[in-house]
Amino acid sequence: MGSTFGRIFRITTWGESHGPAIGVVVDGCPAGLDLSTEVIQRDLDRRRVGQSKVTSPRQEQDRVQILSGVFEGRSTGAPISLITYNTDADSSKYDAIRDMFRPGHADYTYWAKYGHRDHRGGGRSSARETWGRVAAGAVARQLLRTADVEVYGFVRQLWTIAMETFDRAEIDRNLVRCPDPVAAERMVAAIMAAKDRQDSLGGLVEVRAENVPPGLGEPTMDKLDAIIGQAMLSIPAVKGVEIGEGFSAYSMTGKEHNDEFFIEDGRVRTYSNHAGGMLGGLSTGEPIVARLAVKPTSSVSQPQRTVDVQGDERTILVEGRHDPSICPRVVPVAEAMMALVLADVYLLNRASRI
Amino acid sequence: MGSTFGRIFRITTWGESHGPAIGVVVDGCPAGLDLSTEVIQRDLDRRRVGQSKVTSPRQEQDRVQILSGVFEGRSTGAPISLITYNTDADSSKYDAIRDMFRPGHADYTYWAKYGHRDHRGGGRSSARETWGRVAAGAVARQLLRTADVEVYGFVRQLWTIAMETFDRAEIDRNLVRCPDPVAAERMVAAIMAAKDRQDSLGGLVEVRAENVPPGLGEPTMDKLDAIIGQAMLSIPAVKGVEIGEGFSAYSMTGKEHNDEFFIEDGRVRTYSNHAGGMLGGLSTGEPIVARLAVKPTSSVSQPQRTVDVQGDERTILVEGRHDPSICPRVVPVAEAMMALVLADVYLLNRASRI
Amino acid sequence: MGSTFGRIFRITTWGESHGPAIGVVVDGCPAGLDLSTEVIQRDLDRRRVGQSKVTSPRQEQDRVQILSGVFEGRSTGAPISLITYNTDADSSKYDAIRDMFRPGHADYTYWAKYGHRDHRGGGRSSARETWGRVAAGAVARQLLRTADVEVYGFVRQLWTIAMETFDRAEIDRNLVRCPDPVAAERMVAAIMAAKDRQDSLGGLVEVRAENVPPGLGEPTMDKLDAIIGQAMLSIPAVKGVEIGEGFSAYSMTGKEHNDEFFIEDGRVRTYSNHAGGMLGGLSTGEPIVARLAVKPTSSVSQPQRTVDVQGDERTILVEGRHDPSICPRVVPVAEAMMALVLADVYLLNRASRI
Amino acid sequence: MGSTFGRIFRITTWGESHGPAIGVVVDGCPAGLDLSTEVIQRDLDRRRVGQSKVTSPRQEQDRVQILSGVFEGRSTGAPISLITYNTDADSSKYDAIRDMFRPGHADYTYWAKYGHRDHRGGGRSSARETWGRVAAGAVARQLLRTADVEVYGFVRQLWTIAMETFDRAEIDRNLVRCPDPVAAERMVAAIMAAKDRQDSLGGLVEVRAENVPPGLGEPTMDKLDAIIGQAMLSIPAVKGVEIGEGFSAYSMTGKEHNDEFFIEDGRVRTYSNHAGGMLGGLSTGEPIVARLAVKPTSSVSQPQRTVDVQGDERTILVEGRHDPSICPRVVPVAEAMMALVLADVYLLNRASRI
């Protein structure tokens, strides 16, 4: 249960970190959309490991194959099955800790729930599962392009280092996907230092969507805020999400926080965007802004106290290949999840009026 | 669309602020649960308006009627329909602003989506909709009691005033549901002052669940964190949610943030609970901790710039009866949503193993 | 679980035969639809009991109240809550058989599943539940009217008496809703004779939808045939459903059964309609034709062998007020379910293409 | 949309007849289930083409690969991805009819819905899609084995030839899966004769489930009858489904049709099983009996009148490789769908009581 996201643009991911392959099925993509492996691979390449010194050294080409749902370069409305084969899984490091629970990981909780688990590389709970999200997100993004909706994300803060300037073009120019080149350099240095100390760092990732038409989303339980919240908190390592001012909202008064309306070129606009582009769970037409709290990577190669499946207390030393900070790689995943949410509400919205 | 929450313990709320009645249907409640209007009313009374000087003066008895699903004091497994009639709606204040969009409210976005809306008192987007959540939440909570799971919430911070001490017994002794009586007094004063200034305040609400068995939740898309995130962000005025350390997590390193395991009375425990009771989207058995950013109430009785349905710029003065801070009343709603999430995963979990 | 039908035009029914009220919540109705109690009551009046000598003598006015989702005569997109209060329930007849299981009814199976049940008048399993279906179906039908889709049904056969002529105007002129007035008279006589013998009769109901645009439905699992099948088999007493030729299809060869295409007024048509308006699970544009096998009413006032909750064998005599044949009242329910299916696929179809 | 079946034991199929591969994802299979390619392949081999003179000559090994969700021979609770590569697709026969609509097939309706389709071999609408159903059904069946539930099916009638004797052991001994060896021989002869005439035949398939515990299913909308109805009518070529007496029920009176109860070995039984093992949408504990009307295969190699995408009337000659009667191969698919339904309700039922 629980591997499916979306209501009418629905994805189902599958696969384990050290299994033969991982993939995703996209059901509900409308027919007639231009799709190719190139369009999907472009997004996938942004989340690949082994890209630089700040990511895991595991080498995976992550080449996507389209197995169904696309014919002569366009979607047919049938489910789109996307797959990649795991080629560089190294399970040897996991034999020694097979019966122990790595702190900060899902080992214990999966064991408590299922009683039987694939322990290699985190199995199903590995961040490798996000391959399918990004692949499906690329399809969603292609759909959004037909409506001129654009989604992008970046690292706003890493550990204690916050960005101070914003240059969107800068985002893809540095290893940490930070729009401030000066902060980016300090972030890279901090990550390398943490890696040397066998430690890890977290950060703050922001995702935005622009050109979103007003009125998208569903009220009450499925508010756009709520669905974005679910989407972002389903990403491994994300432990918080805020919309617009979010956790800063309560230091303002109502008068300060309200975004007043005006008319610009015949379109309803707001002077400010403290609401992050959503009111009452529906889009306002202003940019959608969500921020994610990313915890420091749980895999740190220092001895830690833990227990094993027999109920004995042990000391564990987690080896294997890890990202000293997952933040730069959370960016494309968060973009994908945002695109998936928006593709879904964009289609759902067609049923709002007779 | 979007009025349903839950997968096998499912609720559907309905009703508008100034309509004849509001209610909720709970489908999927197991048979054999002791249920009565008293059990449900107890929770409802905690969210009622007109309770004190810090809430809206609207007077609603909010008496629940059980219309189905309960026979001779116990649930039958059939859908439980709960209803209350609106008795003190006053729509007169809304005539003047019928065609205008109140800043911070859903007026504009509902109009953009639907083209036709019940403008009176916010209609469907009113916080009055949460009556059904709390009524259904009381049923969920009754189910959780059979498993000794306990849910409670409180106001941690109001505007700039943070609690400094924690005494759980204190929560229901003061008007703002703050576990620190000294801070509570300052919070009440701040709310009264804001009210006098025709302004409003937000705050930080925390919800906890204790005695949750390990392994509850579903991995990947439906992580427990993610479903709690959706649940909380679907509450009116909530603009952020964090689990455990949440937005503080990224100022820690991985070594600092990881919760190490030990054994206590044969049970797996963690020395700390930075993860807020969840790893890999499943419960750890430690207390579940979620915090909600609540924005200041959007209704402020000062002139604000806005536009109308004709596309003209206007000045609006929102009258009507409002909560100068919704925080104390978000507490029972957040508790209800937490109970609904946990009842659902508690039942779903029965299908985890053969 | 299981009280909800539909994917984006979704209904949830609730209520027991002898509870205080019954009702339905319609979520996902598009905004802007003309709706009134009159429109809904018209359909409800067609399924009422106490209408004639061939139906149960229970007297229920079944007056619908619209509690939400409609403002100034038009739907708002918010959930539409419809309710009626039970006024003529007489539970006295059920005390004597409280612990016994009526043959042909759901008494035993509900008890096996839930261990606790409302035994009065069948409780949740009563055909009274269909009030909500017909009320919601009237909303669906109103939506379909905006697309010129028309749904109607009739009794094709009752027990061994089959219709031999078809005059649509005749359907609502006789007590059994049969388009053949001669057969209708014989059907009424057969029902009265069965009633006198304390017995009951079943029959064959047909539902048609005309003017359905081609391409509605979803392939594979949610084929239009399959969803209609679910819809119809969810109606109490229905034990079979066939589409087009259905169970006659296999006495034909492929060449005989295939509906060949031609062009009429620029529109694709078929010379025959053996497929009943569906190919590959999608509508062809030809009339949709479904037939339902309706079993004879289970309540017969003759002594029958049964067992009780203690596991003892007993003889039961079922009293109470029943329909000697439910067929005429299945007609409006089957129409409602067909309308609900079509409203749902009609809206879903808007997401089929970019 | 529409490629998913099940509520908590959920499958999603994907793939086209002439695409590179087809497959299925099973989400919600409990952990701890013994699973291997052998167990799954055994069921798949029963639906393979190229098995005999009465099936399509297309040669597909249909070897299943398990890509996820199984570790060391047991399910982990993670989604189970099953795949097979298409190896013998021959698209050449479809070039000539690319722009024409084959009568009886989904060509026209897919085109009407999507505007763009994979025409080769029926694309997504091909019966090849059922590979995934049978593969997933084998997993469901393995789960049911842990509860001693057994599912099997057979051909009851083919065209005008009905079985007259029942010997279960006979089913897998003949080419048409008929439990009557004499009738089987006549059926084979009829199929071969139809094939020679370039024609095709349909039939009546029956599926049974034994040892089903009482109380499985969900009432009202998701009645077991209804879900079985959806499941069976979603199988290509199936145009009718009946439960128990089904379309014979209405020739009986209520007294004749009711199944009276008695006690056998402390268990509640019924003297007859006209209800086909279901009352009020829940299982009674008696064998579940469903019958499917299977239309004659639509592909017949005789000239037929049709139209093309330009709206011109044409004559079409459908070539390619087809089953002259699909009935024998519907059997394993119907068994799979029955197993999927029962696995789902079996798990859901765990949430019926506190």
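For clarity, chains are labelled A, B, C and D in written order, and residue numbers in each chain start from 1.
Everything that follows uses one rule, which is that a residue touches a chain if its C-beta (ideal position, glycine included) is under 8 Å from a C-beta of that chain, and two chains touch if they have at least 3 such contacts.
This is a predicted model, so every value here is computed, not measured.
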item: Both-way neighbours, i.e. chains that touch chain B and touch chain A; value: C, D
item: Comparison of A-D and B-D by number of C-beta pairs in contact, larger one; value: A-D
item: CA centroid of chain B to CA centroid of chain D, Å; value: 45
item: Chain A-chain D separation of Cα centroids, rounded to whole Å; value: 38
item: Per-residue overlap in chain D, given as positions that touch at least 2 other chains; value: 1-4, 7-8, 13, 28, 31-32, 75, 77-78, 110, 113-115, 124, 219, 348, 351-353
item: Touching residues on chain C, where the partner in the complex is chain B; value: 1-4, 8, 10, 12-16, 19-23, 25, 27-28, 31-32, 65, 67-69, 71, 74-81, 83, 110, 113-118, 123-124
item: Residues of chain A defined as touching chain B within the complex; value: 1-5, 7, 13, 101, 103-106, 108-115, 124-125, 129, 157-160, 194, 197-204, 213-223, 225-234, 236, 238-247, 249-263, 266, 268, 270-271, 275-276, 278-285, 293-300, 302, 304-307, 311-313, 348-349, 351-353
item: Footprint of chain D on chain B - complex, ascending; value: 7-9, 28, 30-33, 77-78, 143, 146, 219, 347-348, 350-354
